[in-house]
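Take a look at the structure set out below.
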């Protein structure tokens, strides 16, 4: 899905700022529109402002400045219970004194729905998460994954158009987490709801999202679909935060729209794509994904600059070999090669030459 | 027994699980655990002994005293024997009077005649001096003893006196419980209500329960917001506030009560302030002490921490996301409080209410100092009978009734809310 | 004979040396205890070397039963009221004190004849005569109430009253206020009608009365302005009047006076020292000395002549004594026979009345 045009805006943050203490801004000038039916993830380290944004959207925090709109209507003054937004909390927040069925019936009850309608809807929601047999259990009698499903069902049972999820899978083990990611995504596709999802796990974000907003220091650093974010990070923070990256500091020797020539501290020249480069002689940080580094000359694009590398360590990881090398004085340069038949094996101490496509190396702002 | 596959060290013999060397598994387990159990028992022995000595034994003694008083029977053996041989309603003959005189003379000699008189006096007022004066004159009494005693005081012929002596000739009696319930026995031994100007305990029991309930309610209303505030504030701030809550705990009860006296009395701080502000006239100062108001105000303050602490300990771990979840699901803040927050604090409310209620039912220093006449509780009367009238059996009966009342409440609480829901902190 | 005497003296001396050099005396606290410390305790310690530990109670008679029955007697001497002394003695809770061991008067009159009538009983030796009177704040009533009846007259003398929480003395005062002559009070109180009459009188002021328990409370209540008049032990009011210059005035009309006596609980830990203390404290000079400190009359005839000035050196004590002639015009000697017998019954009734 790729809807992000302003006229389809379902949720809109318009120049939103938030400060708790009146001295520092936790959220700085946030502008974001989310389309109806979109799965948007707010990704960032803790303290980056992503959860605060979610809480402002839910109505538990008030924006210090700016406006938040839902379906075109400003909701700054609307109390949480009138926003009609479903929410899944980090710790699930299932009411411990109510059974699973009562938990699910709660949002329907406070909306004044009749008993029979309520029961039908609760049963349907439980079936949706394959928990139909658990209506009479107490939350404490359920496993973490089961509680997660119930929390999901409760957030969906009253048919909200927007569902917020605050690190909902954080407490689950890896396997269950991956399974639930799949299920949430499937539910999203089936129900056509809009989801705003907060996480600090980039893998989760990349798997599930239509678009990801990378937060740092109270700002959105980049807002893009997963592939674009991964392959074309806008700045060093995003490049570092999403996936593994090699970084080589240097100075811009020459550049045009398509290509830049960067001189490294040790004197070598390399090719890169200029991203936020303004002038010759500017400091830059070149970022290259480990799996895009080539060491076989036949795979290298013609005319590209090569650079010498000393193999320090080769780790067998099953599907790939992870090779650590000394490149331009830095000892943590990593290259990943697929474990294919006939793949040439490198040995520590070997000296090789490496290169990459200029499009795969991005000359970014120095950090 | 579940059939299991035999493998390795465990075996199945005759339907019993066995260990590798053929011992029944249960027996082996019991043997293995016996040592640990003995050790564990040894560890709790000091506590067990302490509880038995300081709690079970005194309460047992209290219950025993409430039905047992041998003040008469132990010191008047001969007349007690005469009562045993005859039946109720038999007129005392010369042998009875002779036994009575002999007992009185012996008791006077042993300086226990006062005890005898006091025991009879509990049942029939105004009889103590009959015994003590007869004791002083015992040596001069000569047969026929009936005439001699009647000469001394005509009351010795009173059938009611003989009825009472017959009833106290047994050390065991339920009469103290009757007295504690404002009941008495008439001449025929039937249970009747005490004369109106003597009825006091029933009314005091009711007042004690009512005031305790009121104080508990006030404590709850005052403590709930405070505990909530303590629970949601950042730890550094809430710790500071907690010290303020606990401060009264570290102050002597007497000091706190006396400070309330300074505050509440007619020429006290509150009244002076109100007069200075012109809220009340100098002539119409409000009486806030030496009445029920004093008891209620001072006890509510003193018992407040006992409500705050259990509430706080229950509220602190309640994650704010519960209320947020409820709000996001469409509940107004009141509904979220009522349906989601309040039910989760019930264990704290139950614990605090039970604690405050039970403490206030037994309070006596504070009501004694600030309660005047109308603010007295049943415990003040128990203290009175322990310390002033020295009628320990009646005090024990009153205390036993109070204990029974508290146990009934405890049982009710268990039935309604469940004692496992109690959380004291 | 002389030999035996010497021997016994020696034995006594050895006894003292072996026993703890301490005697614990329980009394009523406040100005009264101060007077005892000054007149008895200090000279006793100076003469015998035995330390006197002073303990206070609202009524020293009350802990005795608990102590004796529990077998844990921690006090050696207690200062109690007459009815309590008789009652405790009858119940075997006190040691008997042989009056012949008490010191004779300076002129040689034996103790048994020197003490006032009734001041010696099987288990107790009277030290002083005290009185329950009522006192008022002269700033509130410059003219002042003058009779017992005025105490019950809320219209003529509006304001809060203070009374001891208990039946004793209150019932007598109520009847005297109702016009019953002092010598008919107890005869009337023996009847149900008399008791009812007394309570009816108390009913008049019940709503405006603050009930005190410790003897130190009434002068405090008066000083705080919590009450305008209160019943009190006369010595406490005297102490506030003279030592603290409080504007209080005693009304002697309708006073109820009685003895305070020394008793020794059964099984007192320092029996010998306790007996020595009682002997020492009740001799002619000590009893007269106590009157230097508080306005209670000495229990010995021979002490009367020695009573002089208050310790300030200017206040003549005689007019402040309950036993002085002008204070006895309408006075009642408390009847221990009546109270020993009726105490529990009337207090029960009083408590019920109070709680209603």
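As written, the chain order gives the labels A, B and C, with residue 1 at the start of each chain.
One rule holds in what follows: a residue touches a chain if its C-beta (ideal position, glycine included) is under 8 Å from a C-beta of that chain, and two chains touch if they have at least 3 such contacts.
All values derive from a computational prediction rather than experimental measurement.
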Among all chains, which one's averaged Cα position is nearest the averaged Cα position of every protein chain shown?
-> B
Compare the CA centroid of subunit A with every other chain's and tell me the farthest one.
-> C
Rounded to the nearest Å, the gap between Cα centres of subunit B and subunit C is 34
So what's the Cα centroid distance for subunit A and subunit B, whole Å?
-> 65
Provide the C-alpha centroid distance between subunit A and subunit C, rounded to the nearest whole angstrom.
-> 90
Residue numbers in subunit C touching two or more further chains are none
Quick one: in the complex, what on subunit C touches subunit B?
-> 59, 62-63, 65-66, 87-92, 160, 166, 199, 206, 209-211, 213, 224-226, 337, 340-345, 347-349, 351-356
Touching residues on subunit A, where the partner in the complex is subunit B = 58-60, 79-87, 89-91, 93, 95-97, 106-107, 110-111, 154-155, 158, 164
Residue positions on subunit B within touch of subunit A in the complex are 319, 321-322, 324-333, 335-336, 339-340, 343-344, 346
Taking the complex as given, what residues does subunit B use to touch subunit C?
-> 110-115, 117-118, 121-122, 125-129, 132, 135, 197-200, 203-204, 265-267, 290, 368, 372-374, 376, 381, 384, 386-391
